[in-house]
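Letters are used for the chains, namely A, B, C and D, taken in the order the chains are written, and counting of residues starts over at 1 for each.
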Amino acid sequence: MIKTRVTVWNEYLHEREDENIAKIYPEGIHTAIAKGIENDDFTVRTATMDQFEHGLTEEVLKETDVLIWWGHKGHDQVTDDIVARVHQRVLQGMGLIVLHSGHFSKIFKRLMGTSCDLRWREAGEKERLWVVDPAHPIAENIGLFFELEEEEMYGEHFDIPQPDDLVFVSWFEGGEVFRSGCTYHRGQGKIFYFRPGHEAYPTYYNEQVLRVISNAVRWAVPKHGAMPIYGFNEPLEPIKPKQDHGEEQPQG
Amino acid sequence: MIKTRVTVWNEYLHEREDENIAKIYPEGIHTAIAKGIENDDFTVRTATMDQFEHGLTEEVLKETDVLIWWGHKGHDQVTDDIVARVHQRVLQGMGLIVLHSGHFSKIFKRLMGTSCDLRWREAGEKERLWVVDPAHPIAENIGLFFELEEEEMYGEHFDIPQPDDLVFVSWFEGGEVFRSGCTYHRGQGKIFYFRPGHEAYPTYYNEQVLRVISNAVRWAVPKHGAMPIYGFNEPLEPIKPKQDHGEEQPQG
Amino acid sequence: MIKTRVTVWNEYLHEREDENIAKIYPEGIHTAIAKGIENDDFTVRTATMDQFEHGLTEEVLKETDVLIWWGHKGHDQVTDDIVARVHQRVLQGMGLIVLHSGHFSKIFKRLMGTSCDLRWREAGEKERLWVVDPAHPIAENIGLFFELEEEEMYGEHFDIPQPDDLVFVSWFEGGEVFRSGCTYHRGQGKIFYFRPGHEAYPTYYNEQVLRVISNAVRWAVPKHGAMPIYGFNEPLEPIKPKQDHGEEQPQG
Amino acid sequence: MIKTRVTVWNEYLHEREDENIAKIYPEGIHTAIAKGIENDDFTVRTATMDQFEHGLTEEVLKETDVLIWWGHKGHDQVTDDIVARVHQRVLQGMGLIVLHSGHFSKIFKRLMGTSCDLRWREAGEKERLWVVDPAHPIAENIGLFFELEEEEMYGEHFDIPQPDDLVFVSWFEGGEVFRSGCTYHRGQGKIFYFRPGHEAYPTYYNEQVLRVISNAVRWAVPKHGAMPIYGFNEPLEPIKPKQDHGEEQPQG
């Protein structure tokens, strides 16, 4: 059995700068997620922004099947070179799971091509995530819905491309809705955006949240398809020389 | 009756550097398109790369409902500032029609988020464009298919996001297929990619090609929707203070 | 100027059997909608179930560009013949707008291919409809959202095919969400499902609701595309006789 | 390891009525497919139209994770009861793979809601299937394209709903294109339509065709999501009694 190699990336700033956050995630959000999704099918490692090349060296990415991304206040500190490298790897097949405030990360904005902007509010309100595509593997073993007692609110309009599959829609206590589970194919890679996970709440200990992330990892594993070949190519069929440019052309 | 304001942008290089191309498009591709789509509903102007700010000043873009883009060998000469300006305008509602080799333009790649790469061959072969979405307004008054006696070949895999609507698929004499008419919503803007139009062939005098472009202009006109408001917002409904973080949460 | 010919169909049962409903819609829901969307671009007529062939004769349908459908308790009384006729017309290009409890009509279920089931509750609760696709013509001149003070609740999972475009998502006071504005292309026809409109509330007098329906009529107008031709057809290109079935085939 | 239970259904008429077909598929198309996709992960059985309840009893369907369907001249002989039973099972999660002329089967038309009509020609021509979504699991280990030396032609327009994912597009020697690999989610079930497989050619011995079908089986396996619960449901949040129906409503 070949294990799926997962790398959980975290900017790892809030947890070291704010003692309230540190209490919730004493070893960082990345460690909470890595431990939370551990199982016999996955080999999970972590990487953080302060490491050499943000912990995302060529070698690490080459050995990563699925990359999980959490960032917020440090988006601008991620160098463009590393973003380009991750972008390239996604188009070549690496799965990418972007969490919560990662909607504004350089890598997500680059892959989406839009502003990725949204409405937000931090008021400790209830979020209820409804499954709108029960056939989707990312919703496996999730009930009709699940709840998070306290979360930051993200509201529509969320400026993203229409998802290939919309898996979850969130209801917020304060009156908003949000497309909170969105899948995309880009090149040979698969991308899943998942909304929950504000640093001030213990969201990444929630069993349902961890199950969704685990399901998404399984869904995003590269499928070893053929690498597309681009550029010039010879004809596969004979091409008839054209002589009379003015000839009549049949129309449907 | 309010007219739709169209700007046809062309890098305008081939036609001035190669006499064979100049014979086909003596006033440039932009002029051929502008004249070809002229009608009572449109006000059409042109812009070229060599103009001040590539002819795409703030004012020009403000007065443009739909921008048509043709570029090929000069993609890199388009400055990032102007690309960012056009990108912003598209997200705010301006329609964008990207033609042929514009698939590799900075603006298209930025909006798509992928490599936009493809396979190609210049062999003067036949292209037949089939309508696969006959309900789509861009296919209005187009038959079941139409043909171009000689065109450059573009073949799959075409590295783009799955289109919101796939309107045309091309058959090529040399054995390839291509998704040659693709629509996208991005922010408040609408984008249409349309494959035909190699500079060495008189494609932009073809009646069906011009009809597709005209249809696309009509489809892409901004719809004066509300400008989304992003950022912080106050709750629309009362939020109950949470006291006991450990309370049981119902699950579906 | 060619006017769009709209037919508003209503089973017209509640309004004649329940005096509370009659107070809200004394001339029937169909009349309220017909008057509400009247404008210089539309010619609007109505049809009801008790008429000859439910008011949907061959002639009426032939003269209808867009059909609006409201039904609830009388779904089973609509004959299969008329359903087949409407189905056929939609595939041939007639627009169809299905309102509220029409989700369970024979025609909608036939076009969707799914159960079209959902969760519901009638508790006079608040519904807030959020625009999730601000580029869509059906959202034209609608704000970021609009509210209905009292409506029946429809909740996910809504058993429909993934919409081609998802325009609105509803928030409900009681805790649910719903994909409440969904577009589909089927054959040459366009379909829009729009959630609001329980008979016990004055929803079809709401200005925003009427604007959405009017926008949808404009969007759904048939585009006079070519009628696809199906069945046998002669080759458009020469086919080489095959002699050796065992020959090697190139693979990508 | 839990095996995927596959049932290959065939009307099994051509092979018993035409000796040329019998030479290609002496034990029937169903047997060729069943043997061709056999592997350690699957338990494969077959069913044919002439069996009791077409071989699709409640028990058989209950024990089927993925159903493969081949039919052509006997579509009308399949009883509506069995079609309704299969339809119900698909919405409840059973995978369905519809092959070739199955596009006109009752079950496919019911699930699609359209005519499923197309253009066709039987001329022993070459078909080349191009991968247009290399990230899709159904394209796993398929090259950039693969060829079938002789096949029946199916051409656009193919009257189906826009696929959730378009995986393959076919090129035909005679000049047509076709969306030949299409996925759909319907209810909790997954559906894959795959074009190749005319009875007069040995298509179901082709290694690439068998690989696509095997990939599709793996993709279509039910994911044991929660069975959606429909109908009335109690509010999850308190609903405030409304008193003044005339009060002002905020608009976005």
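As a working rule, contacts are C-beta pairs under 8 Å (C-beta built on N, C-alpha and C of every residue); 3 or more make two chains touch, one makes a residue touch a chain.
Which protein is which chain? UniProt says A, B, C, D = ThuA domain-containing protein.
Since this is a predicted model, take the numbers as computed values, not measurements.
J.: With respect to inter-chain C-beta contacts, which pair, A-B or B-C, contains the greater number?
T.: Most C-beta pairs in contact, of the two: A-B.
J.: Taking each chain's centre as the mean of its C-alpha atoms, give the chain farthest from chain D.
T.: B
J.: Can you compute the centre-to-centre distance for chain B and chain D, using the mean CA position of each chain? Integer Å is fine.
T.: Spacing between the chain centres: roughly 34 Å.
J.: How many Å are there between the centre of chain B and the centre of chain C, using C-alpha atoms for each centre?
T.: Averaging C-alpha atoms per chain gives centres 29 Å apart.
J.: Two or more other chains touching the same residue: where does that happen in chain C?
T.: 128, 131, 133-134, 142-145, 155, 157, 162, 164-165, 173, 175-176, 185-187, 226, 228-229, 236-237, 250, 252
J.: Under the touch definition given earlier, write down the residues of chain D that touch chain A in their complex.
T.: Contacts found on chain D: 93, 128, 131, 133-137, 139-144, 164-165, 173, 185-190, 223-229, 236-237.
J.: Any idea which chain A residues touch chain B in the complex?
T.: 91, 110-115, 117-121, 123-126, 131, 142-150, 153, 155, 157, 159, 161-162, 164, 173-176, 184-187, 202, 208, 228-237, 239-242, 245, 247, 249-252
J.: If you look only at chain C, which of its residues touch chain A in the complex?
T.: Chain C residues touching chain A: 128, 130-134, 144-145, 155-158, 162, 165-166, 169-172, 175-177, 179, 226, 236, 250, 252.
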